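Next up: some structures, all given as structure tokens.
Common to both upcoming complexes is chain A, partnered first by chain B, then by chain C.
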Partner chain A sequence: MSPETLAQLLQGITNITWQSVVMMLIGGLLILLAVVKEYEPLLLLPIGAGAILTNLPLSPLVGEGGMLSILYNVGVSNELFPLIIFIGIGALTDFGPLLENPKMVLLGAAGQFGIFLTLILALLLGFNRSEAASIGIIGAIDGPTSIYVSGILAPHLVGPITVAAYSYMALVPLIMPPVMRLLTTKAERSIKMPYTQREISQRTRILFPIIVTVAVGIAVPFATPLIGMLMLGNLMRESKVVERLTHASANELANVVTLFLGLAIGSTMKGVDFLQLGTLAILGLGLLAFFLDTATGVLFGKLMNVFSGGKFNPLIGAAGISAFPMAARVVQKEASREDFSNFILMHAMGANAAGQVASVIAGGVLLALMGAG
Partner chain B sequence: MDNIAFGLWMTVMGMGTVFLLLVLLMLMLRGIGWLDQRGKRTPPTPSHTAPTDHAAGEDFTEPEPAAPGELTPELIAAISIAVITHARVRRGQAAPAMRQVQPGSQLFASRWVSVGRSYQNQPWKAR
Partner chain C sequence: MRRYNLRINENDHTIDVEELARDTFTVHLEDGRLVDVVLTDHQDLAQAVIAPRLEIGQPRLAPATPMVRDLPTASASAAPPARRAAVGRASGGKSVLAPMPGVVLNVEVSVGATVQRGQTLLVLEAMKMKNELKAERDAVVASIPATAGDQVKHGDVLLEFES
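Presenting the complex of A and B:
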């Protein structure tokens, strides 16, 4: 056997680098988290698989004509996949609790402070303005918005930003409670808020997505793709005349695109590009963004508590983020921890639905301020 | 220094815009809710008397007209009897298979949620 033939046979082994080994281990860790801990398995499993497939030596799946590269070009580089996922999210989201109590919208705004505070920290760490804005958007706690905004502002950071956004979103039940306990007293956490369900007519439910789309689209044109797709899904759901489309958007379409998106994001985790100090900084800043969002939400909740004469439970402020409905569940769990008979879930759901809308608006505002086009 | 100034400007402008837009959204939602409630309060136009098939001379008292959107006492009584009868029939067929959800399942847990919600919504009850 000639040395050339031997080299060809062993090229897989000879092309292994320490970076690719580390990335395959990281991919394995993501799969482990998805399978064993069930942390966002729908995304972490394909992302982990994509990372392993990409970092296998001489992987034909990446590069010109490679399947993963094609998926990336088809759906991530042009922001198509996140927008399609938004249709599914809209079709799955019930904005009823928000329509019943419109003042909860303000809590959704408070939950976006983390975006801008993280942006400042990223600037201080030496990232340029576009990169800092992309890192800040992790604070929207909204995967598709993070991918959409970072895909426009800093495409080379889509991988680490997406991994940070989805990993920490899965860790919301662990990240939020310590901050909530630190910033509230036992008495505040025990405040009971009576809930009176108000019937929302179908006319209102149908008008809501249309009005929000038109109003936000006029005020912040950059947010039109995000809010438009979110509200399209919701309009289909509430109209009740396109059950098949609603079902397909919320299930088949969203599932297929989630798989493609996960694989495409995984393909961006090439060892040489991913294993840098900057990636670690992004992961750290992402975690900080989650803490800041929770803290500012709770502090705004405390402000509402003061204005309401002590009748508002500040924990609800922490639900004003986009992790729907996980954040609301965590808030309810914390309230129940203090007083088993305290039931604030529906109020928290209202704030959480507001966070969904607010994160999309914040993403659009960020793009507008950065002058992206 | 420039970067910090830029970051602060982004924070003020960004959060200001987000808050402004969401306050507008809140006002719009309140407006829609108000119009919705107003539409519901509008009294319906008087309907024509429905024809009855009671035999002439039968002892029959005309049911009291219900307020708009409410059920008549007769209808409530009929529904109650139907529900009781249905429950009795189902009880008669009682078998382990009648249990719709297994204790401990997510659906079963939702009953606990219902209890909690109704408990919370009765502030007049002594705790």
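Presenting the complex of A and C:
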């Protein structure tokens, strides 16, 4: 056997690099988190698998004609996949609690300050403007928004940003409570809020997505794709006449695209690009963005409490961060931890739904600021 | 919850009015029906004769027999006299009300059971979240109108204690 034949047969082994081994271990870690801890398994498992498949030596799945690269080109580089997922999110989101309590919009806005604080910090750390904006968008605490914005502004960072966004989102029940407890007093956490169930007419429910889309689209054109798809899903849901489409968007379509998106994101995690100090900085800043969002939300909640004369439970502010509906549940848990007869879930859901819309708008504002196209 | 005992054409009637919000009431009729009432406006019309002289604020089950005299037969249905029927919503009270709309997942106690403050009575699923409704005082369960699987509205009576 000639040495060349031998080299060809063994090229799998000879092309292993330490970076690819580390990346396969990271992929394994993501799968482990998905399987054992059930941290956002629907995304972290395909991402982990994608990372392993990509970093196998000479992997034919990436590069010209490789399946993962095709998926990336078809759906991530042109923003198609996150937008399709947004239709499904819209089809699953009930804006009823927000319509019952429209002032919660303010909290949705307050929960986005972390984006801009993180952006400034990232600039100070030496990231360029587009990179800093992409890192800041982790603070939108919304996976598809993060992928969408970073995909436009800094495609080379999509991998770490997505991993950071989804991992921390899974950790919301651990990240938020310490901040919430630190910034509020026991008395504030125990504030009860009267809840009145208001019947929201179907006409209002149908008009809401249309009006929001038109208003946001005119105010922040860069947010049109995200808000448009989110509200399209919601319009289908509330219209009640296209249940097959609503069901498909929220289930089959979203599931298929989630699989493709996860694999494609995983394929961006190439050892040489991923294993850099910058990735660690992104992970750190992303975590910080979560803390800052929660803090500004709660602080704004405290402000609303002052204005309402002590009748507003500031914990609800923390639900303004998006991460629907997990954040609202965390708020309810914290409130009932202080007083088991306190139920502020519906108020928190209102703030949470507002946060969902606000984070999309914030993403559009960020794109507009960066002058992206 | 406020109880009104009415005598209409020699017949005694009892209705319980429960304030959900300042202008929203649930009226419990004798036959067990619940009627939602929204008070949009109230005013004294010419020659208003409604000036009930009763002692208000007596304990719940005291038979304070109000007398509404000379009242035309039909119009004695649910019309709380003013917006002051406020009784803090079930806080330490007799009934456990649904704090928000949702589905009753589980009833954890049975009629006649003695419960302690903090004990879970029912599990209510709202917005896909399981919420444990706990007893706010030591009490004995008198009745449980709610059953697992029920879709409930805000303010529905889920469970009642013996007073």
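Criterion: the second predicted complex is superposed on the first by the 373 of 373 C-alpha atoms of A that agree within 3 Å, B and C clash if a C-alpha of one lies under 4 Å from a C-alpha of the other, contacts with A are read in each partner's own complex, and residues count from 1 in each chain.
FYI, contacts are C-beta pairs under 8 Å (C-beta built on N, C-alpha and C of every residue); 3 or more make two chains touch, one makes a residue touch a chain.
Since the model is a prediction, treat every value here as computed from it, not as a measurement.
Touch criterion not met for A:81: it reaches neither chain B nor chain C. When the two complexes are overlaid on their common chain A, residue A:346 makes contact with chain B and with chain C alike. In the superposition on chain A, A:166 makes contact with neither chain B nor chain C.
After superposition on the shared chain, chain A has more residues touched by B, the comparison being chain B against chain C.
Of the two partner chains, chain C is the only one touched by A:329; chain B is not. Contact with both chain B and chain C is seen for A:196 once the two complexes are overlaid on the shared chain. Shared-chain residue A:102: touches chain B; no touch with chain C. Overlaid on A, the two complexes show chain B and chain C touching the same residues of chain A, namely 194-196, 341, 343, 345-346.
Residues 94, 97, 194-197, 325, 328-329, 332, 336, 340-341, 343, 345-346, 349 of chain A touch chain C in their complex. Contact residues on chain A toward chain B in their complex (touch as defined above): 98-99, 102-103, 105-106, 108-109, 112-113, 115-117, 119-120, 123-124, 129, 132-133, 192, 194-196, 198, 200-201, 203-204, 207-208, 211-212, 215-216, 219-220, 341-343, 345-346, 354, 357-358, 361-362, 365-366, 368-369. Remark: chain C residues 20-21, 24, 89, 91, 99-101, 118, 126-129, 131-132, 134, 136, 153-155 touch chain A in the complex.
Those residues of chain B that touch chain A in the shared complex are 3-4, 6-8, 10-11, 13-15, 17-19, 21-26, 28-30, 32-33, 36, 39-40, 113, 116-117, 119-121, 123, 127.
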